[in-house]
Amino acid sequence: VIVRVKSSEDSSHVQRALVALGLWVERFEDDSQVSFLVAAHSSAVEEAAVRAIPGVESVARRPSLHPRIDAQSSPIDIAGISLGPGAPPVLMAGPCAVESEAQIDELAQRIARYGARFLRGGAYKPRTSPYSFQGHGEPALGWLRRAADRHGLKVVTEVLEPGDAPRVAEAADLVQIGSRNMQNFALLKAVAHERKPVMVKRGVAATIEEWLLAGEYCLFHGAPAVVFCERGVRGFDPSTRNLLDLGAVALLGQVQKRPVVVDPSHACGRRDLVVPLGRAALAAGASGLLIETHLDPGRALSDGSQALAPELLDQFLDP
Amino acid sequence: VIVRVKSSEDSSHVQRALVALGLWVERFEDDSQVSFLVAAHSSAVEEAAVRAIPGVESVARRPSLHPRIDAQSSPIDIAGISLGPGAPPVLMAGPCAVESEAQIDELAQRIARYGARFLRGGAYKPRTSPYSFQGHGEPALGWLRRAADRHGLKVVTEVLEPGDAPRVAEAADLVQIGSRNMQNFALLKAVAHERKPVMVKRGVAATIEEWLLAGEYCLFHGAPAVVFCERGVRGFDPSTRNLLDLGAVALLGQVQKRPVVVDPSHACGRRDLVVPLGRAALAAGASGLLIETHLDPGRALSDGSQALAPELLDQFLDP
Amino acid sequence: VIVRVKSSEDSSHVQRALVALGLWVERFEDDSQVSFLVAAHSSAVEEAAVRAIPGVESVARRPSLHPRIDAQSSPIDIAGISLGPGAPPVLMAGPCAVESEAQIDELAQRIARYGARFLRGGAYKPRTSPYSFQGHGEPALGWLRRAADRHGLKVVTEVLEPGDAPRVAEAADLVQIGSRNMQNFALLKAVAHERKPVMVKRGVAATIEEWLLAGEYCLFHGAPAVVFCERGVRGFDPSTRNLLDLGAVALLGQVQKRPVVVDPSHACGRRDLVVPLGRAALAAGASGLLIETHLDPGRALSDGSQALAPELLDQFLDP
Amino acid sequence: VIVRVKSSEDSSHVQRALVALGLWVERFEDDSQVSFLVAAHSSAVEEAAVRAIPGVESVARRPSLHPRIDAQSSPIDIAGISLGPGAPPVLMAGPCAVESEAQIDELAQRIARYGARFLRGGAYKPRTSPYSFQGHGEPALGWLRRAADRHGLKVVTEVLEPGDAPRVAEAADLVQIGSRNMQNFALLKAVAHERKPVMVKRGVAATIEEWLLAGEYCLFHGAPAVVFCERGVRGFDPSTRNLLDLGAVALLGQVQKRPVVVDPSHACGRRDLVVPLGRAALAAGASGLLIETHLDPGRALSDGSQALAPELLDQFLDP
């Protein structure tokens, strides 16, 4: 926002009023007038409050680049479950990869007992190395669906390529776009065409604006609803795998009232931090959590080191 | 930690057991044997649990570089107030800069009413520009001390140069080393010589190990106790001023049981995020919060845009 | 690499010898022996030199995760042009987006005159916003091909989705994987199947290892050769759009002898820095440059602000 | 810069003209008018060129925060040596720490033979751990001075605390402020009072503006001249210790014509990258290089792993 001041005598008064509202401003001067540029890291305030400051001549705005995301109301509905500010927090749990029909069925039963509403698990796995296990693919979609149905859960699972979008969307209630694909626009478009709600994980170095624009792609191309998922950004400290950005979560969840869930498992990579960071995420304004769980982490085909036993799910909602 | 395996036939069994404990491992091979290097972002586990795995030949450790910090027990005592895991959370509040005796006295009265135990405020201000207000200096130390005493509070305030250490330490109960001075070793040494507890704010791009080592400097040179303060690391998103690293807080507070407080005001720079991030910090394992408050933020001599009204302090401890 | 020392009396001698070789080491101790872990930011040295140090008992290595990339020799051949250490530097130039047949033809003529060997230009454009120009698509591929052929150039252009891989590979001599798709494994696989050389741009926060592994995906699935392209990583300073990582370029180009080109246009986003950074890239060890050029930047459909006039291409190769 | 357009019909024309100049702009609208905010990562252009665009009503600027740094002309003089744009590049070399009088004398002789003009070496060492070697202190200042004088070199060395400023400034021709102390304002002030030229190393996560402001502190408090030194910012890739920001160097050196030297030794930490990165730095616009050299790196008291043999200095200036 750029606030233009009527006459330069008003400028210090206007500046004080802007700061009092919680805005950070930088002063610009042209030959005759003063303007204040409001920095992005300012509190969200009503434009009317700025216009009402005596001495303000005009308030110029940048049009939002994501009108559909802005217009999405909260909570959203995903197969009958409400998610977002205004609804109670939702637990999503399950293994990194779907490993067998028996595994996923038993896990579904266990996580349901501890309050989870969504079963997660990868049928298609994006793996950094071509030599790693890449997921069981299509059969795993069926295992997931049946396990979820048997235990009263919904399904969230990731899609990796446009050609798989129809079958993933058929099996899932919520289709996940992974962090590495946040700006895979061909995939966003293909998924959106399936008309299922989409969960967009934040890219490892994506700005909040880029993240919201990925959601805008989904709504623009036909998705009925979008959930955002924070999973940590690239940090520099080796003690945690990523740097969980709960400031972004508070901004989306508390200030902008958007549905945002947090994946503390990937965020830190440490089993001993999943519970405190999950609880912190809810306190910050997350509308749900995505938790990796496994019955026998030592034998997990991927990411066992960060998986929790299902019993620990009861630590999140009732602190 | 490096885990050496007796014979290579044991290696897959040992690897599973390490993952089951929550460790991330990389496999190394020499001519005859397999070793696993445990990554830093692994769960903290007892060395005995690793040694007990059948097939493990030896477990090699890196000696800790900060034995005094490791040996500090929690909670610590600061002028009669307990801070750290094992003690209730502590609120520290006050203005960015001490602006006048009247200001600080009224603020002290108000924050005390809302549960704060420490009065904060800068007598000496580290400012990015030489043309900005640099603090009222020595007189402000007296104003702070008297205001705190009158209202039953303790004082935490920042020191900027070795020559000021004696007078700051005399006025303060807890001496703050600011983020920009975390590796100003001459200052750490001078402050430590004063024998007062020290609060070390994390540098804007400091690793956790560097942060703990700054604390080690303080204990090594005579400080009786060290508190750590997370205030956000350098991020890349313009919507928040810094990126609050609650993973580091959970690691220090929950896993390592060290006293760590969080400054959500500097972390995000946005008044509308201070409350949710402060509550998230406590959920993550912080032992206290440092909150900027001001009676008239528009007239603050620095950082008014992020200051809260004192009344909002009651949002943190009783959610 | 983990270096195990015969007896602890040898350890200080071995440590000095390792440092003399340019290695950074951390000391680990188990009950009876000392090992040194060599940090990743150490100079590349022959394993034999380490084994030859008196007192060394064994040297353990992590197997490389990208054997095919390691085995690729340099320079590689792309439609008759040699690229990589051992060959002269190669200029690739052209507009951000292919805007019309006339535009691309005239640009091809101009850049050829200034020494470029490859014509670049996007037929499919990955755009942060769904409302931005997304490229002219298939027709633009034909325009590119014909312009290049008429002026003796080769074609490098980006592919965005697996379904387009055949037609892009038919039109291009070198198929570009954009930064946002570096870990779009479905796309890497689809492109590799076309059996054309692939240029993999580094993701905005990708580690070097992740980048090399993206190349490994290509070779594993059938690509005949892989070129890497550095285009800047996410930084924190607003004065440049990204942070060009010439340390990574020197490592790949000079130490590891891999073909790596640099895109200084995207790296900095500033027209006034493209020439100095392009020349610095060649000095660091880049085997080529990718330069955005436009005849009328004010009318460019994307990124005109960073495009150079074709005449400036003569600044790069003849300093 | 904010560019206000006379009437909204002019806006697309003005926008094209701004892009043609190499500016990145964002469009703002108030009730009746359009303004363009020019992003910081735009090419530097003369304000007159913007004012001359038909349809532009006014151009508003932010006053510079560092007028003294802006007014410093280049090259500057340091004890008779010219440094900065307009002067030939200057080599500064020597050990991380001054270890003995004999060591520094022999090194001085060797580096002088290979074209160095400044002898560097730490008498006071800022060390991450209190248990590491902290430098020989005052005696080492004398060794440095005498060695430099004997071999026709100038001295650059670091100061760590305000109380040492007089004696360091007496021994040195150029006083170094280390990366960790870039915002140690008490130190900047104390050094400036000594009236010697100052070299300000960039903090590990400092923005360019913060760096220039550190220089402004020096000039404001009396330093006769300021040189900037880039030594790498905090990165995320373990293969290099820091991320050398040659974009910042090109900006300062080529666009803004300020004296900036580069320390490739600390930037990468790898002996095998020092030469290519040093040469790249000069190509980018650096006015000098700071190179760690040692006669017997295995026995260096600090940072031997990155030190070059003095003979390698001839690789930088005559590529």
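Read from first to last, the chains carry the letters A, B, C and D; within each, the first residue is number 1.
Basically, contacts are C-beta pairs under 8 Å (C-beta built on N, C-alpha and C of every residue); 3 or more make two chains touch, one makes a residue touch a chain.
Every value quoted in this text rests on a predicted model; they were computed, and no experiment measured them.
More C-beta pairs touch across one of B-C and B-D than the other; that pair is B-D. Ranking all chains by how far their C-alpha centres lie from the centre of chain A, first place goes to D. Mean C-alpha position of chain B lies 30 Å from that of chain D. Annotation: 28 Å between the Cα-based centres of chain A and chain B. The distance from the centre of chain B to the centre of chain C, each centre being the mean of the chain's C-alpha atoms, comes to 40 Å.
Residues of chain A in contact with at least two other chains: 205, 233-236, 238. On chain B, the positions that touch chain C within their shared complex are 1-2, 4, 26-33, 35, 37, 58-63, 234-236.
Across the complex, chain D is touched by residues 16-20, 22-24, 39-44, 205, 207-209, 232-233, 235-248, 250-251, 253-255, 267-273, 276-277, 279-285, 296-300, 304-306, 319 of chain C.
The touching residues of chain A, when paired with chain C in their complex, are 65-66, 126-131, 160-163, 180-181, 183-187, 203-205, 210, 213, 216-217, 220-221, 233-234.
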